[in-house]
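Next up, some structures in structure tokens.
Both complexes below contain chain A, partnered by chain B and then by chain C.
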Partner chain A sequence: MKFRVERELLTEALSAAARVASNRNNAMPALSGVHMSVKGDSLVLTCTDNDLSVRSTLSVGGARDGVAVVSAKLISDIVRSMPEEKVTVDAQGDDVMVSAGKSQFTVPTFAATDFPNILVAGTQPVAISAKVFGEALGQVVRASSSDMQRLALTGVLMVAEPNSVCLVATDSYRLAVRELPGATMLGHGAEIVVPGRALSELERMIGAAETMTMALGENRATFEVGGATLTTTLLNVEFPKYRQLISAHYPNKVTTAREPLLEAVRRSRILARETTPVRLEMSSNLIRLSVITQDIGQVVDELDAKLDGSEITVGFNSQYLMDGIDAVKGDEITIESTDPVKPAVLRGVGDKNYLYLVMPQRLTS
Partner chain B sequence: MRVLIASCSVTYEGRLGASLPRATRLIMIKADGCLAIHSDGGAYKPLNWMNAPNTIEESRDRIIVRNPKNETLTIDIFEVLTDFSHEMGDDPGLSKDGVEADLQILLAAMPESIEPGLTLIRREYPTAVGPVDLLCRDASGQTVAVEIKRRGEIDGVEQLTRYLDCLHADTALGKVRGIFVAQSIKPQARVLAESRDIGWCEVDYDALRGKRPDELKLF
Partner chain C sequence: MNDAVVARRRTILHVDMDMFFVAVELRRNPDLVGKPVVVGGDGARGVVAAASYEARRFGVFSAMPSVRAKRLCPHAVFLPGDHDLYSRVSDEVFEVFRTITPLVEGLSLDEAFLDVTGALRLFGDGVATGHEVRRRVKQLTNLSCSVGVASNKFLAKLASVEAKPRATRNGVEPGHEVFEVKPNHELEFLHPLPVESLWGVGPVTLEKLSALSIKTVGDLATFNARVLVNVLGDALGRHLHELAHGRDDREVEPDREAKSIGHEETFSEDIKDLDTAHDQVVRLADAVAARCRNSGVGARTISLKVKFADFKLITRSVSVESPVSTAQAMVHLIEPLLARIDFTAGVRLLGVSARSLSEPELQMSLFDDATGEGAANDLDAAWSTTTRAIDDIREKFGDSAIKPVSSLGKKRQPGSSKWGPSDI
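Up next, the complex of A and B:
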């Protein structure tokens, strides 16, 4: 196997491979590798950790057909560090040589036969708007958890509603719900939980793509976008009953400009520590945002706002609040609340398709 | 800790399938139920492992380890070369300066975690025998010197006692009392602290870092 390709193209593809390749590789070293297959002028890169697989195709200058499996992290780092724009990768015997200009690396390969076969979801793929789906992932995946002790929370629920599909994620501190009106990628009543890690990788793959497809199998989902395919096993878990967390009515609703609020929270984080809440005092025409961190300092910011309901002061984790304001679309945002210890809801004014529910943090006097 | 050196093969079934062919390996079965399988090389990760909680079934030639996620590690034993157990006792843990420093930062931000109504006057308050970790004021206005350790032992109480002797000489602070704070405090250190009218308090590092049990959650 031998090919020559633009360094930047290969670097980008190998970075994705290195993220997917297994870190827990002692029992099956090939899982830490990237499978490279050249046929003509086409290079197919495949990586898997047995739960998540990514396959991407690149146009290269193919010199010799063949396959090789080499450490994904190693070759990713090597190609990124190369001094020239064109990189040559040449597999001979048990080694792969990576060269550019006068630099040459030689690294050992794994046995290609040890690399597992990649299974994809076998059903008919459904075309979906990559732009809309990618935007929805950006709004929802951020609320999923990375705590493997609570496996269900590491996933994103995709559930078919009568005329839409809902994406839902929660880490028990916040909940993000995005509705995709008219989406048909799930059959009637279908409900799946897709690992957040896979969807996060998918969001990167989507980038600026316009179209993509999704296919569902019994226990896996396959997404195709551009020249790349991502297959993930689905989580066999019971997702928390989230609907009961969202009230139909909140007595207090404050409306303010989204971007200035986001900037104010971002500024406040200079002083906020992990446990320091951002305090929002919401009054009739003002939101007063403050952070007081003992021995560090304090910050106060004021924003014009309109309040329907009673004046209320609520504390939030600054990161969770910032994530929510950032995920909401539109120029104006509403924060609806009941009391300082019940969840608040963030929505974009005029946007019925997304909500971000966040639990307050207790305020000490 | 049980240490078993045996000729064995290993099969793992769970999130993926994996197997280790027959070879001589070191199997460690730890008191908390964790199990690790090592070869004679490398100082980093075991070849395979199962974190507690586990259920371990053992017969003459087979050990089966299961965890609550239904992952299973099956060790087929062909020949036992060494098999012994040793009581390891309490682990003093890896000493890391950063933990104490982090604890000090967290407690400075949340002195009420030590005692309700406590407010910070200054971190690293200087005295002639070294800086006191935290100088605080309690709800009644009395000055409180706080010494923070990762593990609370007699030495820490002695150190706080020296600080208090210095601080008592500073009339501007008024009457000063001490609180000895650590993630865990040895019984001997508690007794010594109490005998000197020094308070003590155990704090939860993870809770202070934001995983407080009283924090508000959706479910």
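Up next, the complex of A and C:
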């Protein structure tokens, strides 16, 4: 196997591979590798950790057909560091040689036969709008948990509603719900939980693409976008009952410009540590935002706002609050609340399709 | 050797207060000076916390049952101990240490490591710095201490033992006051010492080493490292091998935060039923939780310590994801542990301690989890307001102004009979 390719092109494909490749499976070292296969001028890169697989195809200058498996992390780092624009990859015997200009690396290969077969969802793919789906993933995946001890919360629920599909994620501190009106990728009544990690990789793959497809199998889903394929196993878990967390009515509702609020929270994070809440004092025409971190300092910011309901002060984890304000679409945002110990809801004014629920942080003083 | 070289050589002091608890008692009651004084529980099951050198002449030493101490030295003055006072005086002493260097790592109330490498330029060499520490401590607190000087923590600690005054049959012999293990002469000092002087050699390890005919540190140093690792396990084997060659590169960690907060109590009568034990645990947990809150921390691990009538000691722990800092949450976590204890043979000591300390969790959860650890955190949240009120009351009116119902009518505060209850 031998090919020559633009460094940037290969770097991009290999970084995705390195993120997917398992880095903790000592029992199956080949899983930490990227499978490279050259046929003519086409290079297919495959990576898997058995749960998540990504396959991408690149146009290269093929010199010799063949297959090699090599450490994804190593080759990704090597190619990125190469001094010249053109990189040559040449597999001979048990080694792979990566060269550019006068630099040359030689690294050992894994046996290609140890690399697992990638199973894809076998059903008919459904076309979906990559633009809308990508945006929805950006709004929802951020609320999923990365704590593998709480497996159900590491997933994103995709549930078919009448005339729409809902994407839902929660890490038990915040909850994001995005509705996709008119979406048809799930059959009537269907409900799946997709690992957040796979969807976050998918969001990167989607980038600026316009179209994509999704196929749903018994226990896996396959997405295809721009010549790359991502397959993930589905989580066999019971997703928490989330609907009861969302009230139909909140007594206090404050409306303010979204971007200035986002900037104010972002600024305040210079002083906010994980445990110091951002305090929002909401009054009739003002949101007063403050952070007081012992021994570090304090910050106060004021934003014009309109309040329906009673004046109220609520504390939030700054990261959770910032994630929510950032995910909401539109120029204006509303924050609805009941009291300082009940969840608050963030929505974009005029956007009925997304809400971000966030549980406050207790204020100690 | 020029100054720059002297200044760079790592120099660690181990400062050990001389008979600290006793010395503090003598300071407030000078009439006792020169008399045998014993601090500790004086009841039937008390233990000695500290003994003056005059009492040590009669063979009294720390951790000895008080009954035995009384037999050995019947004319000694027995004092119950005042932990709060010792703790305050300890703070004073540590403040003095910090006038020498900010790199002060306390090991207990009465001993600390000082990394004085950067302070040598001011005071000269390690020995001169050691004398300066003694002078300032004496001047500012009227207490004396002994100082070990060496190139690392482990040797400095051994050196301070050499610096201590010694009690002999004929009286108290003053010690070296400051003792240095000289650079490049570490092994001459170390190798003749018995192997149990090394950190990490407890009774079990000592037995294993004896079986290999290893008696001195020198024996250990020349012993085949691989065999040692086979016998003692990887971590301990390597650790001891390093120490035996005088190597210890652990840094002095200043202001090390408390690793655990705990209270334990030896009871005047063995506890034989769960209900009584539960009441005691509530009391102890209340005190532990209050101290956690005072320090602004919560605990992710709560431990229950039980010493049975036959002195068998067990510790059981439970861990939660988010730190707790109320008595209610701690008791909730301990209850299942307590329920598994067999009280029929009698329990003489119970202890509750909080570990894995970190700032308390303020973030609330969307889900009400009615079982397991979630419940502990919910309890913590539910009681946080009430608990703040309790803390306020205690601040204004003292610790005994408000107590758990189960400890009403009991006079003793947790910790007041740390070394065994008084018979009074």
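Heads up, the rule we're going with is that the second predicted complex is superposed on the first by the 365 of 365 C-alpha atoms of A that agree within 3 Å, B and C clash if a C-alpha of one lies under 4 Å from a C-alpha of the other, contacts with A are read in each partner's own complex, and residues count from 1 in each chain.
Here is the rule we use: a contact is a pair of C-beta atoms (placed from the backbone, for glycine too) under 8 Å apart; a residue touches a chain by one contact, two chains touch by 3 or more.
Since the structure is predicted, the reported quantities are computational estimates derived from the model, not experimental observations.
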So, after the overlay on chain A, do chain B and chain C clash or fit? They clash
Determine, under the contact definition given at the top, whether A:L175 touches first (chain B), second (chain C), both, or neither. both
Superposed model, chain A: greater residue contact from chain B or chain C: B
Looking at A:N117, would you say it contacts chain B, chain C, both, or neither? Reply first, second, both or neither. neither
Figure out whether A:N285 sits in contact with chain B (first) or chain C (second), or with both, or with neither. neither
Quick check for you: in the superposed arrangement, does A:N50 touch first (chain B), second (chain C), both or neither? first
Is A:T275 in contact with chain B, with chain C, with both, or with neither (first, second, both, neither)? both
Look at A:L357 in the shared chain and tell me whether it touches chain B only, chain C only, both, or neither; answer first, second, both or neither. both
Would you check which partner chain A:P240 touches, where first means chain B only, second means chain C only, and both and neither mean what they say? both
After lining up the shared chain so the two structures overlap, which partner does A:V341 touch, if you call chain B first and chain C second: first, second, both or neither? both
With the two complexes overlaid, spot the stretch of chain C among 44-52, 80-88 or 224-232 whose C-alpha atoms clash with chain B. 80-88
Contact residues of chain A, present in both the chain B and the chain C interface: 170, 172-175, 240, 245, 275, 317, 341, 343, 357, 359-362, 364
What does chain B use to touch chain A in their complex? 12, 15-16, 18-20, 45-48, 69, 105-106, 108-112, 119-120, 122-123, 208-210, 212, 214-219
Touching chain A in the complex: which residues of chain C? 359, 362-367, 381, 384
Which stretch or stretches of chain A touch chain B in the complex? 24, 26-28, 31, 49-51, 151, 170, 172-175, 240, 245, 273-276, 293-296, 317, 341, 343, 357, 359-362, 364
Help me check something: in the complex, which residues belonging to chain A touch chain C? 170, 172-175, 240, 245, 275, 277, 315, 317, 320, 341, 343, 357, 359-364
